[in-house]
Every structure is written in C-alpha cells, then in structure tokens.
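All remarks here apply to the structure that follows.
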Amino acid sequence: MDRQEMKTFIAKRVAKELTNGDVVNLGIGLPTLVANYIPDAMTIYLQSENGLIGLGPKPESTNSDPDISNAGGEPVTLKPGGMYFDSALSFGIIRGGHVDVTVLGSLQVDETGSLANWIIPGKMVPGMGGAMDLVTGAKKVIIAMTHTNKGKPKILKKCTLPLTAKYQVDMVITEMGVMTVDNTGIHLVEYNPEFSLEQIQAATDATLLINNPKKMVVN
Amino acid sequence: MHKLLDISSIKEHLFDGMTIMVGGFMCVGTPEVLIEAIMQSNVQDLTIICNDAGFENRGVGKLIKNNQVSHLIASHIGLNPYAGKQMSAEHMTVTLVPQGTLAEQIRAQGHGLGGILTPTGVGTIVEENKEVLKVNNKRYLLETALHADLAIIEAYQTDQYGNVIYTKTTRNFNPIMAMAADKTIAFSREMVDTLDPECIITPHIFIDYVVKAGL
Amino acid sequence: MHKLLDISSIKEHLFDGMTIMVGGFMCVGTPEVLIEAIMQSNVQDLTIICNDAGFENRGVGKLIKNNQVSHLIASHIGLNPYAGKQMSAEHMTVTLVPQGTLAEQIRAQGHGLGGILTPTGVGTIVEENKEVLKVNNKRYLLETALHADLAIIEAYQTDQYGNVIYTKTTRNFNPIMAMAADKTIAFSREMVDTLDPECIITPHIFIDYVVKAGL
Amino acid sequence: MDRQEMKTFIAKRVAKELTNGDVVNLGIGLPTLVANYIPDAMTIYLQSENGLIGLGPKPESTNSDPDISNAGGEPVTLKPGGMYFDSALSFGIIRGGHVDVTVLGSLQVDETGSLANWIIPGKMVPGMGGAMDLVTGAKKVIIAMTHTNKGKPKILKKCTLPLTAKYQVDMVITEMGVMTVDNTGIHLVEYNPEFSLEQIQAATDATLLINNPKKMVVN
C-alpha cells in the first residue's frame, strides 16, 4: 500500500465503527476521509467544533460559501436538519458527552490510552485547538493514523511528547490493525493479513495483547 | 441608528497595552475591516484573545505581522507560521488554551462567573499552575474568567437597536466575546429595521458601536 | 418522525427514586401533559428540579399535591402554599437555590463542567457547606453540576429530526435542562417539517422523545 | 399618605434615578409600579429574569398571551427591539453586570448595605428566586419599600433575618426619604418634608448620617 492507499484503508475501517444515529466529530486530515465511506443507508450527524451539526459534503467549487466551513477552515455544506451554534454550545456538546465518536489523528498513543498530538517542543507548536476537549468529552475516542512515522513506532509503552489527554483513547486503527485499549493494556483485535503478527508487534513499541485476532476487512 | 461609528473613529477606543477579543474561527467571522483600522492606528503592545492566530495576512495574523501583538491567547497557531516564529523568537508570548476552555473562560466573564471547572487538560501541561478540584471523585481544572477591554465582532445583520444575528459558521466566538469585554464594536454586513425577537443571538445591550459595511 | 412517543408509554421511562428536571417558570413553558402522565404513573420518591414549585394545581405543584415528590430543588416556592406545608411537615425536602445558580448548575451538567464559581450567595446561608474560592481577590462559591435522569420540556415547534424552538418566555429553563438529563422528552405543540438552522435553540441530538400535542 | 399613596410616591421617586438607555430589572410588587413613571422621552430597557429584554406594558385583558409573562407570572408585552432568551443567558446578563439598575423590595436593609428579603425562618419561606443574583450582579441596587413595617423599623444597624446579600445596596427609597449607602454608613440625602428629621431617625434603627439633606420631590 502507498500512503494514499493506507489512508483510504484506515478511513474505510473507521467508518465501520459508526452506528446509525451517531453524532461524530472527525478531525482534520485522515479522519475527514471517513465521511466518504459512511454507507448511504446510515444516518450519521457530523459535528464540527466551529459551530454546526449536520456537516454535508464539500460544495461544488463554483458554489462555495465562505461563511460555512468546517473546523479545518475548508468550505462545507449543511445537511437538512442541521443547525449552527456558537463555540460555547459547540464545546458544551463535546465536553458534555453528547458526541458519540470522535476520530483524530495522533503523533503518539500509548498502552494506557494516553495520546499526544498537539506539540513537538522546540519544533512544532500548532496548539491543541479542540482536540483536548474532544478526547476528554466524546464517548468513544478512535485514533486513526499510520502505524509508524518513517518506520518509528507511534504506539508506545508511554508517550514521550506532552499529552493531549490521559487514558482517553478507546481504539486505534492503523493500516496494520485495529487495537482497543482498556485498563489491562492494548489489544490487537484485528490485523491486516498483509502483515504478520510479528511484523505488527515489531512496528509497535507497546506490548500488544493478542488473543485470537480477526482479519481486518474493508470493502 | 445612534450606535453607528465611523471607521476612522475606532482609534478613540484603542490604547497601548489593551486587551482585545477578536471573533472568528480561522478568520471565518473575523471583522477584517476592524482589524485594518487597528493596524492603521498602530496601537502597540496588544493582548489578543482569539480562537487562533489567523493566517499570515488575514485576521489577527495581520496585527501579529505588524508587530502590534505582545501576547496572544489562542487555541492554535498552526496556520500562521509567522506567529510561530514570533513566539520562538520571544517577540510575542503565546498562551495556548484548549478551545472549549477558551470559550468557557470568555463566557464566564460575560456571565459574571469567576471561573468554571473543566475536565479538559487534566494530566497534561495545561494543568500546570492551576488549581485542581475534585467533584464527585472526578478531577477538574479551575479555569478563570477572561476579560477584555474591547471586543471586535462580525455581525451579519444588526437592527436599529443594535441587536445582532450572525450567519452560518461565522457565529463561533462572536456572541460570547460581545458579552465579555468592557466595550464591543460590531462590524455589520447589513443593517435592518427589525429582527425576529426569537432569533436574536446578541441582545443590543452588548453592542456599543456598529461599523456599517461599505462605509 | 422516529422519536414520537405515545403519551401512554412515558411510564416506561419512569422509576421510583428518580430525578426529573421540569422546564418552565411559574408554569409558563411547563409541559402539563407530561406532568399529568407522571401523575398517572404514580411513580414515587421523586427528586424534582424546577425553577419553582408551580401552583397548587399546576405544574410540578400537581406532583407535590399527589405526594410523589420527596425532594424539590427550586429557587422559590412562594406561589404554592401546599409545598410550604409539605416542607414544614418534613414530608418533602426543599433545597432553595438562587435562580441564576440553578441555571448554571443545570447548564454545567449539560456542558460537561464540574461546576462554576458564582459570587451569588457569598456571605449568606447559601454559602453553608460549600467551598469558597478566591479569584482576583473576589470570593466565589463553588456550585457543582446538577444531573437528572429525565428532563421534560415544552417545545413550541419540533421538526422531523427533533430540533426544537420555543416561543416567547416559555423558553426559560427548557433548553439547558434538555442537555442536562440522561433522557429528554419534549412535549411539542406543533410538528413542522423543517426549522431555520440559524434559529434552532435545542439541537435534535438532545431530544430523545417527542410527545405531540393532541395525541 | 395612605399605603397606596406611599407606594406611588416611592415609585415616582425611584423613576427619577433612571437614566436614558438604562437596562433595568424591577422586582415584584412596589418596584413594578416604577415602570408607570418613566418619562415618555426616556428609553429604558426593562429586563425580566424569566427571559426577556424589552418588557412592555400589560396587555389589554382581551389580548393576553399566556406565553409571555414577567418574572411575577403576570401577562406582559414585548416592545419593539425586545428579544427572548433562556434562563442561563438571562442570569448571565444579571450576574455579569449588564443590568444598570435593579429595584427590589426588602424586609430589612442595614447600614452596611446588606439586605434580607427572602425568608422569615419558621414563618415564610418563599425562596430567593432571582433576588440574590440581581443584587449581587446589578450595577446599582435600589431598595424601594415602606420605611417601617407596622411601625417597626426596617432600616437597621444590622439585619436580623438571613441575608439576601452582603454590602450590595446602593440606595434605599422610602416614603420618608432617600438614603445612600457607602462604607461610611447610611446617608439621608433627601427627606420628605411631611416628616421631620427627628421623626425619620425615630423610625430608623440605623444611625442616619445627615448632612444638608434636600427635600424629596416627586411630580
């Protein structure tokens, strides 16, 4: 798989985690792609922290309205039944536990479910934006990311970068597999048969708990 | 409309060292015309409270580029590399705040609250130098209210009393900032006679001055 | 509309000892039809969170009269002498809360905050058994979030998704209660196809069930 | 003056404290009467804590709308430019210092500016409603009440009933005079010439600070 194929593969697998009626917040980048793979028969309400529920597809470029954007600043549309609100209500929805699933990328995740995705001290200081609120407030936190960064593991025993939040990650989905996190550790519950279990563990710093994993299937 | 303000008079409301809240989210809902007027005033040593640092040549990014900002309080600055450089060079202090916390701190000020308890940031460096309180055995950070001398916001429509509505995702931080500053100046795209009393977002009592589009 | 609930099915959402938030301000905006249904269920030992005690034969006053309420959390009970009697006779506990504090405690729950710092009540008996915190040398009471198992609210119009608007002063506590309970049932006077996305007050994600007027 | 004349006299005098453009909250009872004496040329925005700004006069009884009431539960109307909001925003306006003047009745006021108007233990327990927030948040707190209760002083050295708030009262207006409170004590700044200064002090438990008071004039 090349990088683009990996992203598509991951996004497709994330989409399978969604349930009809879910309120979902998709982070910038790879997570945004998940919207493309939601089955037509399923109703998902996409929330965007800049102030809307009912995020629709990107507008035709000839028809773009600068007054309506997603949290990445990209032009979007509003689906029927959607609505606008201010930042206080938007984060009330997020912090109050009214978002069923949030999907974010990350620089690091660890086997305690902590994650780090907002700063590399001395190098990159973009800020946390809404990420800290999202992972703290959402009912289910899914990290969607490539398994490694230039061959270096991103799934660690313990995050080394400043944390976004402690103990909040429920699931990690990469091109190599699907992992769940609970207080016993990180479990490889599905694996991509393109890789052996040994290869996956070798690409992972954390100790993967493996007990009859299924094959990871996307369409 | 008695609250109308000529754009050239904005400088009377500006002073060195002041704190200004600027509405908008990645410049969507940011009153660029008012930003321009602040640039022209060349007021110095500003503390800016805004969701983000804008872009290098848009939004509060223009004030940063013009070296008018000594302190930026925002949730991210990633889209404005110049802001990052100014921060690294210690020409500008940047206080990064989780976006939801920033919203509540601003709201708290307008609503007369000393602060709020949020679970966001517990166990991270955001916790540093903050009080941690337990409620029902869950840990929360005490985040205190954020005040400003002036808020500049972008309205979609303003009625003859100064009541304001916004459009689409331009709303974001504008309504809570309008309540949190000593003085609020709204840039309004359109002036109308009346608005639906059920749909007004910012009551006129929070709007001190209105700058009309095209003037 | 998939959230429609038959009034006779409300009892499936009720249980003894539960906490129910009831919208309305002196019964303006209180869903009387849902109150009637709770009376008929004869569920016992309720904790009711409401702005006031209603009147003796209106609003939550009906539940008090029916001896279903063991604890009332409200800002005043003056218009319901029976509530005062029940309180004096220790048949019902009454917790009196300043109205603005009550609003913020309810909002805090819906917004995921552990609590808020308010200056209201400092130096009064409201302060008893509460943490007092100083921010910028001003004293505030820490008031914690209020949760409910169920909220019952009165909507003016509900669209096919469950989005809600209110009318006039019936709004009051309804929108914040809709966010603060595990489950929210709205009584809606009218059902409409769509609502203006700029004017929706309570997003559909907070409305679990809708009871239509006239059914 | 009979009781009704007293109330009218007090309400008229309170009205003179209002300034064009003020946001004002009038409590239930006597304070509500103040609205009748606002000069036509003056624009005052009446806020009602149940959720509106722009409170208008009572509707004609044939035209009463049960969906719009004031904080006393009475039917009212909305003036042009008025708007509705929820209880959280309503008390945000109040607590946040955006109400210029609040006018309330009281059972007791003392020379430190503390007041008690929400409970008589063992006798009357109506609750504080919005009163604690109003007196804590409003920029100027005016107590409008009769000077005594069945001949007993209500303006005390120290309140004996449970307080509504400490040190918040700015002005007390009764049928006998106008008093201001600051950290030096309570000052009789105007007196009703129907009473002598001795009579006013005799009806007052607090020590009135008197320095060239004016005559209280209402039209």
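Read from first to last, the chains carry the letters A, B, C and D; within each, the first residue is number 1.
The rule is simple: contacts are C-beta pairs under 8 Å (C-beta built on N, C-alpha and C of every residue); 3 or more make two chains touch, one makes a residue touch a chain.
All figures in this text were calculated on a predicted structure; none of them were measured in a lab.
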item: Length of the shortest touching-chain route, chain A through to chain D; value: 2
item: Between chain C and chain B, distance of the C-alpha-averaged centres to the nearest whole Å; value: 32
item: Separation of mean Cα positions, chain D and chain B [Å, integer]; value: 35
item: Gap in Å, rounded to a whole number, between the CA centres of chain D and chain C; value: 29
item: Where chain C touches two or more other chains, by residue; value: 104, 107, 111-113, 118-119, 166-168, 198
item: Contacts with 2+ other chains: residues of chain A; value: 78, 84-85, 88, 91, 94-95, 136-137
item: Chain contact graph, described as a line, ring, star, complete graph or other shape; value: other
item: Pairs of chains, among all present, that meet the touch criterion; value: A-B, A-C, B-C, B-D, C-D
item: Contacting residues of chain C [partner chain D, same complex]; value: 25-28, 51-52, 74-79, 84, 87-88, 94, 96, 98-104, 106-107, 118-126, 166-176, 201
item: Chain B residues touching chain C - in the complex, by the definition given at the top; value: 104, 108, 111-119, 131, 133, 135-136, 138, 140, 142, 144-145, 165-168, 196, 198-199
item: Chain B - residues contacting chain D, complex; value: 107, 109-113, 159-161, 163, 179, 194-195, 197-198, 200, 203-206
item: Complex interface listing, chain A residues touching chain B; value: 48-52, 65-69, 71, 73, 78, 84-88, 90-91, 94-95, 114, 118, 125-133, 136-137, 162-167
item: Complex contact set, residues of chain A against chain C; value: 23, 45, 53-54, 78, 80-85, 88, 91-98, 136-137
